[in-house]
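First chain written, first letter: the chains are A, B, C and D, and each begins at residue 1.
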Amino acid sequence: MALNREQIAKRVAQEFYDGAYINLGIGIPTLAANYVPKNMEVMLQSENGLLGMGPYPTETQVDADMINAGKETVTAATGASIFSSAESFAMIRGGHVDLTVLGAFEVDIHGNIASWMIPGKLIKGMGGAMDLVAGARNIIVTMTHADKHGNSKLLSDCTLPLTGVNCINKIITDLAVLEVKEGAFHLLERAPGVSTEEIISKTAGKLIVTANVPEMQV
Amino acid sequence: MALNREQIAKRVAQEFYDGAYINLGIGIPTLAANYVPKNMEVMLQSENGLLGMGPYPTETQVDADMINAGKETVTAATGASIFSSAESFAMIRGGHVDLTVLGAFEVDIHGNIASWMIPGKLIKGMGGAMDLVAGARNIIVTMTHADKHGNSKLLSDCTLPLTGVNCINKIITDLAVLEVKEGAFHLLERAPGVSTEEIISKTAGKLIVTANVPEMQV
Amino acid sequence: MAGFNKVVGSYAEALDGLSDNMTVISGGFGLCGIAEGLIAQIQRMGTTGLTVVSNNCGVDGFGLGLLLEKKQIKKMISSYVGENALFEQQLLSGELEVELTPQGTLAERLRAGGAGIPAFFTATGVGTPVAEGKEVREFSGRQYLMERAITGDFAIVKAWKADRYGNCIYRHTAQNFNPMAATAGKITVLEVEELVEPGELEPSSIHTPGIYVNRVIVGKFEKRIERKVLSTAKV
Amino acid sequence: MAGFNKVVGSYAEALDGLSDNMTVISGGFGLCGIAEGLIAQIQRMGTTGLTVVSNNCGVDGFGLGLLLEKKQIKKMISSYVGENALFEQQLLSGELEVELTPQGTLAERLRAGGAGIPAFFTATGVGTPVAEGKEVREFSGRQYLMERAITGDFAIVKAWKADRYGNCIYRHTAQNFNPMAATAGKITVLEVEELVEPGELEPSSIHTPGIYVNRVIVGKFEKRIERKVLSTAKV
């Protein structure tokens, strides 16, 4: 069966590793912070200028001067540092963030991503997404495999305006984990109970499937 | 009579004004800091990362971690800030320093300056001089009018490798104060007792002299 | 010794010289770290035709949203403007122009503006609509866009503590775009929570040296929170 | 929870992986703020053919001068190298190559290297020997040089206090080139005076966030003074 949000977040968290600096986008990526394995320490970067983001505050900890890139109130973890937006993006652009996880509307077999703009709808802006996909060492997209009309979001070529080109390494959806390389999606894992056939039918871009694709552990 | 070092430094200090941020080169420019008029406050920038340079330290104040751009031990004045070399030169390059005073081998009528390299001699490097002449809002050169062989250092065209082009506004020598504009030196003041004729004879580049050039007040 | 006393007594003095069609750079991220009183003063002044450089444009009725209400903004240079219905309305009606710039590119363009760097190269935006009309250049096998510096006639900056020299520090993540804004204004005005004596701020901990600052005003801040999320809301 | 404990116990471990012909970026200005123990370790290792990026090259017998003694440096990228007789000798004999870079351009090239900016424009050096071979370009009527970023295989950085995450602060003007060096090394090694507990450094006062730092070693420093000048020496 297709994974729910929490299950996707759990699978995303399996990509984390001890000592990693990670930037998590709004939504499911942020949720993944709740599933950092015990005995593992990661440091979350928030692009408004906070390295070492802690949990949401208690009522008494709430401070208007302490927010994350989603403009939510947060706390700073022990060992955090706080800096300017220029410094924050120097970090991101310079390739110092180990892993970025973010959502998307579409991803294609070239590793292109479209995530910020749907023509005809109001353009709200790209925020830091273009910098993140251009700068992070390793970029994972997490999204549903198909849209609500059943149309695949894994395409041969993105149809929407791009956020970045040739930058996505891995995709974690409600149905599968896929690697993007050499002009194709490569199926690595499937959601428990989801057939390879279903994934094939919902993946519009070229998909490489080897025998015996393992199930995700979530 | 030609001014001595202290007198030149005194004349340089007359260019200071209340509230000015000033970078002073090694030698006579640094000496000028001793002649800041009373009731005037200026802030000295040292390009190794100190804004608000104070006096040299007493024996007990000496601190290896507190030096100026000449690598001399210094102190920080009240209201000083300390920062990185990148920030220091962002300040300089960005035109935030009001006045730079530095020495030179040669200056020409185009406002070019040569101050860092004599071919055939060992090249020691330009340090921050090229950044300073490219960045400061107002640049004053202070030097002797002629070299020890009597050759003018105010030329039609510099003969030595340049530090910067079209950047010098004013020159304060042991004989005169001159403005550089419209392809000529303009004589503003002469040293007490020094004749206009002597200045003319020791200025190789085009010199504009109006009647009744006043004497410097030093 | 008045040269370094940059403290002014009124908002009118703080923004003296601001006139129609100028470019104003505003620090802040969302409603965090914005110069509330200076924005309100611009609204009172009624200055129009402004180009405003700010990561966001406030919300309806607060922050830079106040300037939208009176149609004072001609153009926004921002990375994200999705929190504001009035913004949408003016954009669709053609009253407002917007130049969307990736957040990191915006921060760097402001830093470059303050640091005397007219242009720089970044991989951000290559192959996207942001690249349109920009020079693309390859370095070491990768493509980069040339981006231009931004400077402004005024910069309005919100700091926590400042001295009369304009040396200041920012509080927590209210730092954000403020340090770059401070360097990129021809006239930089600091609105601060607290004025301290020179020497009280540790020299090596000063975020913005006073050399960038022209005027300092002590303000009062509401500090509205955009999204209050508590630890009890999610596990 | 070992992932963020960057503290190593020996200089050998601190510079593990350094090999011949690598590029090493060194913080410091003159003898102020240099990683004394790491430099001494490079001398002990005998690594040769090094390209060293540093504003200066120490003095005879101290700082980077130690590496000149053993002819370990092939090339220096510096702004000022006039304090060292051995340097002069090796330069004249052709054993040593030097790339002179204006001080501010050097600082910015290192910052650019750490910040993912491959090149930028600056007015510094236009019309001078520094412009040779570089692209000149006009922006708003003024000419600028295109300068390239610098990165290194290793960066050796001297800090005052650091925690095990590598978060650190620098003391007074011993900051200088150290923060940029820290961002521009593939492997950045911090030699510090004092190790503190995480949380002891105020988050907003940290000069270099630990994300840039790979290894931390507690060193002992002689802190030699190059030019001791006292207030009594001049009025």
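Quick note on the criterion: a contact is a pair of C-beta atoms (placed from the backbone, for glycine too) under 8 Å apart; a residue touches a chain by one contact, two chains touch by 3 or more.
The structure displayed is predicted, hence computed values, not measured ones.
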{"item": "Given chain B and chain D, the chains that contact each of them", "value": "C"}
{"item": "Pair sharing more residue contacts (C-beta pairs) when A-C is set against B-C", "value": "A-C"}
{"item": "Between chain C and chain A, distance of the C-alpha-averaged centres to the nearest whole Å", "value": "29"}
{"item": "Chain A-chain D separation of Cα centroids, rounded to whole Å", "value": "36"}
{"item": "Separation of mean Cα positions, chain D and chain C [Å, integer]", "value": "32"}
{"item": "Chain C residues counted as touching two or more neighbouring chains", "value": "108, 111, 115-117, 122-123, 171-172, 175, 203-204, 207"}
{"item": "For chain B, residues contacting two or more additional chains", "value": "76, 82-83, 89-90, 92-93, 134-135"}
{"item": "Graph class of chain-chain contacts, one of line, ring, star, complete, other", "value": "other"}
{"item": "Each pair of chains that touches, named by its two labels", "value": "A-C, A-D, B-C, B-D, C-D"}
{"item": "Touching residues on chain B, where the partner in the complex is chain C", "value": "17-21, 39-43, 45, 51-52, 76, 78-83, 87, 89-97, 134-135"}
{"item": "Contact footprint of chain B on chain C as seen in their complex", "value": "1-4, 111, 113-117, 163, 165, 167, 183, 198-199, 201, 203-204, 206, 209-212"}
{"item": "Chain A residues within the chain C interface of the complex", "value": "31, 34, 46-50, 55-59, 61-68, 70-74, 76, 82-86, 88-90, 92-93, 112, 117, 122-131, 134-135, 161-166"}
{"item": "Touch list for chain C against partner chain D, complex", "value": "108, 112, 115-123, 137, 139-140, 142, 144, 148, 169-172, 175, 202-205, 207"}
{"item": "Interface residues, chain D side, partner chain B - complex", "value": "29-33, 55, 78-82, 88, 91-92, 98, 100, 102-108, 110-111, 122-130, 160, 171-180, 207, 223-235"}
